[in-house]
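Can you read through this structure? Questions will come right after.
Each chain carries a letter (A, B and C) given by its place in the written order, and its residues are counted from 1.
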Amino acid sequence: MNASFVETPAKTTAQPETAPRVHIAMAGQPAAPSGPVGEREIAVELKDVTCWYGSFRVVHDINVRVAAREVTALIGPSGSGKTTVLRTINRMNDLVSTFRLQGSILLHGQDLYAARTDPVEVRRRVGMVFQKPNPFPKSIFDNVAFGPRINGFKGNIGELVEASLRRAALWDEVKDKLKQSGMSLSGGQQQRLCIARAIATEPEVILMDEPCSSLDPRATLQIEELMAELKTRYTIVIVTHNMQQAARASDRTAFMTMGDDRAGFLVEQGPTIEIFTNPKNRLTEDYVSGRFG
Amino acid sequence: MTAASRPLTRRQPISERVIETFLFLAAALGVVTTVGIIIVLVAQAAEFFAQVNPIDFLTGTVWSASIQPFRFGVIPLVVGTLAVSLIALLVAVPLGLLAAVYLAEYATMRTRNLVKPMLETIAGIPTIVLGFFGLNFVTPHLLKPIFGSAIGTFNTLAGGLVVGLLITPLIASLSEDALRAVPRGLREGSLAMGATKFEMVRRVVFPAALSGVMASIILALSRAIGETMAVVLIVGTSPKLTFNPLESTQTMTAFIAQISAGDTPQGSIQFKSLFAVALVLFGLTLVLNLISNRIVRRYRNIY
Amino acid sequence: MTAVTPPAAAAPRFEPQLMRRKLSGTIFLGACLLAIGLLLLALILLLVSVLTAGVQWLDTQFLTSMPSRHPQNAGVLPAIVGSLEMGVIIGLITFPVGVAAAIYLQEYAADTFLNRLLRTNISNLAGVPSIIYGIFGLALFVRVLTLGDSLLAGALTLALLILPVVMIASMEALRAVPNSQREGALALGATRWQMVRGSVLPAAAPGILTGIILAMARAIGEAAPLIIVGAVGFVTFLPAPIGDRYTVLPIQIFDWASRPQSDFQGIAAAAIIVLLVLMVLLNALALVIRVRLSRNIQW
């Protein structure tokens, strides 16, 4: 890790928004690539992925391609297996002893589930932000420094912490109280702290599991604005229940639903605009127009 | 992008395996201790049983280890222990259960913060202090005024009372946990049918918690049986087969302590007899603990 | 339009007898309060009887002298020193071993037969009478390891006695740390040990430390196992961990309380007061630690 981490903070492009309704053009949507994924660099690719917990098949035949430095949203009703799919990308499902995966998942071409692959290293390169903010009961500084320290960071840790907090749009609010406990922050601040913590290990991909579901609307908006900045450096995959959020904040969307056998499957994926305004599949159209889910 | 092409392999450092091995060894110490205890007791008791017939030991009703003729029938010691323990239960079960029900169903936050520390204090008192209390207060100032000359300076009743005080917090806290574990739905359901609070407790909550309560009582019994210091000063050193709690007798634990603290030579038959008694004691408490665990485990799945 | 007539007044089918039932409830509550009152009374009587018997014997001479055949000259210093020495040694042993075992069982052990056996074994060991530990200590530490009647043998015996308690308390403290903390650490690329050391242990520290201190308080109050391994009640020097005979407060109390003269009962009571003060200090320490360290922790 040789890059210099001290930099001027990027300016936020704040766009005024009305509450977007699903079938209209997205307000504030940055120039989204509308071509097929094949034209873009692919960060993560799931090929024919099927997952089991013991004998229960959770999801099957998942084929998703996540383009680099974009926000890809996984949407779908409860039980469709979106979180399971998300957690395969950083091998967090391994924590359940009965979990099995068939198929392959490639991170920039490398197989995440190869026998020689170390899940610990995978998790350094693929960061995760959880549904409920989970800062450690340590100081703000130690929270952000935790990842680099355990991964053998050799460099100025103070600069790394500051840069990460800046990129998470939290620096100004905490720079005078870095020694205070991370748990003394508000919900939205805690979540941004968790984002800073994830960024500090220099991941290539950041996974977000419904990151705003326990936050108030203002904090939610802050996180969404942050995502727009973060994607200039990181690939982001986000699972969300909130369709409006997916429509607002993502470049590409993949829609999953639960089949009659209670296993989840991928229905359709593509540029967000198309998924929401011109979906090809009837199920997708029903979901995004609110007829079910 | 060079970062992306870095390999995902990183061999698990040796230190991780080493640490896990150390931790495992620490945990295995528990099994080693149990096995060690059993080996020691059995081996030493075997030496005793080489000289004394085990059947005579287990069924004999006279225990005379220091006075000729030597007789080693363990029944008086067992009866002495059980007598103390049963009196202790007679005290601790009502007091403990009433306290438990109060804490689980009636107490406010404020009263809870008074009662629970009190119980924890009683539980934290070193048992020798309880023995002192029994010797210097319970027998002379409590029992003698009631029973007069019918009661000796050393007697089973005082031992039972003191041990009862000792185990009451155990019954109280374990039973309180069992009562609290009863789901709210059961309570609300019965109240919604017009039951009074007492009826809800008596007819619904308490029966639902019964297995936990019983397990706590069995554990308390086991604790009472294994107690030494609280009884060694009070109950006496004259084991005899008697059911009169006003008389003196001796518990298994007190006998073991007496022989160890005294001048008995370590190779003598008296000294060896303490291992046989210890084996009986260990077996008894082990069986009770296993039964208690069984009850908890069998009925835990109901919710 | 037919008028709707209410049904004929039927004979009452319910006789709630609310008054009587509520009265039973009140009586029951009274019984509960009576029980608690009795317990409180017993506790007060105990403390008062000890205090009144012992406080007159409690002076600096008592605290700084050796035992003697004459109660007036007797002191409790070797016992205090012995108890403190023993406490330190016990703490040094049980802290690493107990916490390490708890970490293994709680964070590393999969749900295999062997590991379930280890767990049930711990709870069985916690129920073994303390005097049995004394017998085991006699065989292992005194004889096989030839430590003799030393304080070290006694400390090792008591360390074994409280080890299950420390393990159980530590396991509970570890269990109380929510999984979101573990996942947060793992998601950053931590190995299991890095996760435990960096995230789980610091969060469980207040509970673990409190458990250890309370277990040590219990060990300091124990006498039965020490009687078996050779502690004695008449030691007129300050014991070293190996090579000397030794005494601790509970043993000294036992020795004095076993003598019929009422003066000896008096100094036994005074020694009890010293022991109780020591226990109160330890419990207060545990409380302070728990409050101060868990200030930041709200799950």
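Note that in this section a contact is a pair of C-beta atoms (placed from the backbone, for glycine too) under 8 Å apart; a residue touches a chain by one contact, two chains touch by 3 or more.
From a predicted model like this one, the values you see are computed outputs, not experimental measurements.
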What graph shape do the protein chains here make by touch: line, ring, star, complete or other?
complete
Core chain by centroid distance, with centroids computed from Cα atoms only
C
Of the chain pairs A-C and A-B, which one is connected by the greater count of C-beta contacts?
A-C
Where centres are the averaged C-alpha coordinates, which chain has the largest centre distance to chain A?
B
Between chain B and chain C, the Cα-mean centres are separated in Å by 14
Here the gap between chain A and chain C, centre to centre from mean Cα coordinates and rounded to Å, is 48
Averaged-CA centre spacing for the pair chain B and chain A, given as whole angstrom:
55
List, in ascending order, every residue of chain A touching at least 2 other chains.
120-122, 125
At which residue positions does chain C touch at least two other chains?
191
Interface hub residues of chain B, defined as touching at least two other chains:
12
Chain A - residues contacting chain C, complex
90, 92, 95, 97, 120-125, 127-128, 130, 132, 134-138, 146-147, 149-151, 181, 183-184, 194, 197-198, 201
Give every residue of chain A touching chain B within the complex, in rising order.
43, 107-110, 112, 114, 116-118, 120-122, 125, 202, 204
In the complex, chain B residues that touch chain A
1, 3-5, 7-12
Note which residues of chain B are touching chain C in the complex, please.
12-13, 15-16, 19-20, 22-24, 26-31, 33-34, 36-37, 40-41, 44, 94-95, 98-99, 101-102, 106, 115, 118-119, 121-122, 124-133, 135-137, 165, 168, 194, 196-199, 201-202, 219, 222-223, 225-229, 232-233, 253, 256-257, 260-261, 274-275, 278, 281-282, 285-286, 289-290, 293
So in the complex, which bits of chain C are touching chain B?
16, 18, 21-22, 24-25, 28-29, 31-36, 38-40, 42-43, 45-46, 49-50, 53, 96-98, 100-101, 103-105, 108-109, 117-118, 120-125, 127-136, 139-140, 160, 163-164, 167, 191-193, 217-218, 220-224, 227-228, 250, 253-254, 257-258, 265, 268-269, 272, 275-276, 279, 283
